[in-house]
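Questions regarding the structure given below will be posed in turn.
Chain nomenclature is as follows: A, B, C and D, assigned in order of appearance, with residue numbering initiated at 1 for each chain independently.
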Amino acid sequence: MTTLKVTIWNEYRHERQNEHVAGIYPRGIHNAIGDYLLQAESVEVTTATLDEPEHGLTDEVLANTDVLLWWGHLAHGEVRDDIVEKVRDRVLDGMGLIVLHSGHASKIFERLLGTKTGTLKWRDDGERERVWVIESGHPIAEGLGDYFEIPKEEMYGERFEIPTPDELVFISWFEGGEVFRSGCTYRRGRGKIFYFRPGHETFPVYHQSEVLKVIGNAVRWAAPTQGAASVAGRTEPIEQIGVSTAK
Amino acid sequence: MTTLKVTIWNEYRHERQNEHVAGIYPRGIHNAIGDYLLQAESVEVTTATLDEPEHGLTDEVLANTDVLLWWGHLAHGEVRDDIVEKVRDRVLDGMGLIVLHSGHASKIFERLLGTKTGTLKWRDDGERERVWVIESGHPIAEGLGDYFEIPKEEMYGERFEIPTPDELVFISWFEGGEVFRSGCTYRRGRGKIFYFRPGHETFPVYHQSEVLKVIGNAVRWAAPTQGAASVAGRTEPIEQIGVSTAK
Amino acid sequence: MTTLKVTIWNEYRHERQNEHVAGIYPRGIHNAIGDYLLQAESVEVTTATLDEPEHGLTDEVLANTDVLLWWGHLAHGEVRDDIVEKVRDRVLDGMGLIVLHSGHASKIFERLLGTKTGTLKWRDDGERERVWVIESGHPIAEGLGDYFEIPKEEMYGERFEIPTPDELVFISWFEGGEVFRSGCTYRRGRGKIFYFRPGHETFPVYHQSEVLKVIGNAVRWAAPTQGAASVAGRTEPIEQIGVSTAK
Amino acid sequence: MTTLKVTIWNEYRHERQNEHVAGIYPRGIHNAIGDYLLQAESVEVTTATLDEPEHGLTDEVLANTDVLLWWGHLAHGEVRDDIVEKVRDRVLDGMGLIVLHSGHASKIFERLLGTKTGTLKWRDDGERERVWVIESGHPIAEGLGDYFEIPKEEMYGERFEIPTPDELVFISWFEGGEVFRSGCTYRRGRGKIFYFRPGHETFPVYHQSEVLKVIGNAVRWAAPTQGAASVAGRTEPIEQIGVSTAK
């Protein structure tokens, strides 16, 4: 199996500004996920964060990324538009993209889907979430049961303003009474995108085995495929034009 | 606005065999729905039931139906295969079909969708269901709010073995912890199909205003459209073949 | 039937700069389409063009538009970004949008779909196009036969970089050997979008009856629906949280 | 990489009854495809034909099949219904299914999709087909260019009565003027289905490298995935019911 090059992008502000979050993720959400991927999957892991030069997403890093993970929350607006465009280019050209939790409101997710993806209901009271598998045969659900539970999570509720997903892999049930489309796949250009809802920074969600397993599955699923060569632009006719061939 | 010809098919066994159900629907589920449609929509209503000759679905009735509603539960197996095929022919030719609640396991629903649509989780303990609107702009959701509640219902839970719906209009939350894709649209041939989950016979679900409103909306949505003429079979070439036109 | 408020936006440069185009559309493409709609459909028509103040798309015009048609080609880059955002807001809020021909590369189409919708093959040699109906039962195909032909057209060929359409209504065959997804529907937010390929400015395509019929059908199809009320943002729990209810 | 167990089912009548076809496929279409797969992919190949006992599709063969290929034409009606149901069970349980050319009208394809999949236009005059890649990034298109040509083929034309494919990988252009959705994927239950149009028995289509490459790609794509465990039927509540928890 090929070694996938995974880059994990994290806003990395909560962990440095909030003691409670720092207690859960002392080396940041990016490293919690990265540590799991390194031991569970055939991957090389690079991390990148908002406050690095070019947010850590230089041309070289992007060119060497098969699958990009994205976690952001407080500072979506600080992400540079030119870097968002570069990430978009790479996705349309085949790089996989996994958008996590509050990344739903990121510039890159909204840019690629076109709707106001930040629009949803939410409540960070710490309640039980039960994530139900809808497409049991999907590789992203590999190794799960009918559902898994997260003891305390932020709630996201419908209506979530996204285009109809190509595949709806998970739907969440919340203790407070809401539902949410928690696992959504999209093919855009040559790239594959997966949105995965769980992951509020104040709860240890990225230490939970089912959540990590889904992320690992998604990395494999989102890996680029070679596909077919394609050109665009003005093109000569293949068949002769203007010869009357109508019977 | 044109008057739509609606036929409501009901198995009509529970209401005649069970006093509790008869108390809720003295003239049958079909008439409860029909009475609503007659006062709320521009429709003519015909009813048809399992124990009538040809289940009430003669060629003449089917030819004069724009939208067919289907409620069945106990006796799916008693529905004649030849009549299922006639209904399928009409749907593929443009008749609308609205499948209600336990009609999920009917021959006609499985015949048109191809998967084992009877496969799901269930529990008839009488629990709270909250039906969330997922596609707020959809005509089938017209006049609703973010959600509506049914105080006591049978639970249906995922995984529901259906093809991915063309449009997912509703998702239900259940008190016991499950979720369900409760409003699903499909285009098959020239016809439109809507599956709507609520409606267990032992609860007065078809007396609830939101449920009836959705059924009325769905009848209008499922109405046949004229569309384009189409022929199949062996056809002569439009352009001349065998003249080498390659440049 | 309600009178729909239709606004037809046209770049309106070719017709003022090129005698040949002016000969085909003396009052502009917008008026050729508008004249048809006024006589064939229950509509009020407003026109708007690039070189008017705010491109003719003031807040008042947009607020009073049920369905917006968009034709642009030479000057996509001159359309103001803030006006693109206002159009997007209105579409996500329910306004219909019909994007015509070279509008495939417009800012608004790319903004709403997220991919590089300008990416395709093309050739303006004037060749036969045959538009095949794929969804015969679709209201946008109403009144057509299996196909219709355009004697001379610009070719657009795959691969067209769009998200998978919700519904693929038309596929075109070109004399020079290419194919194209020529009629594509999308639901985005509460709005409906239809892309319709034909319409190069140097051929009298918008004087052809089948093309105009499709545009009229699409206007009716794209009309806003009331749908369901919806709110977003922080929300109180509906069910009590933190009471251990697990059995 | 795991060795996939592929079973190639062929009606195998044309090759035994028609000298011309026998000249092209002396050992049958199944062996032409099987020989390619054996040298190009990591597979074990079993063949099965109509006139074998149980059409060669015993319970043991089916249980040991990861991906089933299906070619039939003259004798769809002779395929036993009980065996069609067994194949359907296996697909819904995760076995991949690749339906080739005239298999569009087979019992199994129609059973799994629900529409009258035999409905299309056709003409066996031997004309040029150009198969265009629509989803360039799809693994089934791997290694192709923008298109490939088949010098002489039977034409299939729209309208093809299928449900909207999950993914539309190929569209064909025909010399005689028609178009066709030639590469269609579906997820049904846990299984993946691919329909691939080319392959009329009187032309050496299954000796052409691009056609074989697509079949090899499709075999890998359709391979079963482990997915998530799932149970159906009556189920106990996970959360306690009937405790009033409404705030």
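By our rule, contacts are C-beta pairs under 8 Å (C-beta built on N, C-alpha and C of every residue); 3 or more make two chains touch, one makes a residue touch a chain.
Owing to the predicted nature of the structure, the values given are computational and were not obtained by experimental measurement.
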{"item": "Taking each chain's C-alpha mean as its centre, the one farthest from chain C", "value": "D"}
{"item": "Turning angle required so that chain B lies on chain D, C-alpha fit (0 to 180°, nearest 5)", "value": "180"}
{"item": "Whole-Å gap between the CA centroids of chain B and chain C", "value": "32"}
{"item": "Length of the line joining the C-alpha centres of chain A and chain B, rounded to whole Å", "value": "35"}
{"item": "For chain C, residues contacting two or more additional chains", "value": "130, 133, 136, 146, 157, 159, 164, 166-167, 175, 177-178, 187, 189, 230-231, 236-239"}
{"item": "Chain C-touching residues of chain B, taken from the complex the two chains share", "value": "94, 130, 133, 135-139, 141-146, 166-167, 175, 187, 189-192, 224-231, 238-239"}
{"item": "In the complex with chain A, residue positions of chain B that touch it", "value": "130, 132-134, 136, 146, 157-159, 164, 167-168, 171-174, 177-179, 181, 236-240, 243, 245-247"}
{"item": "Touch list for chain A against partner chain C, complex", "value": "92, 111-116, 119-123, 125-127, 155, 157, 159, 161, 163-164, 166, 175-178, 186-189, 230-239, 241-242"}
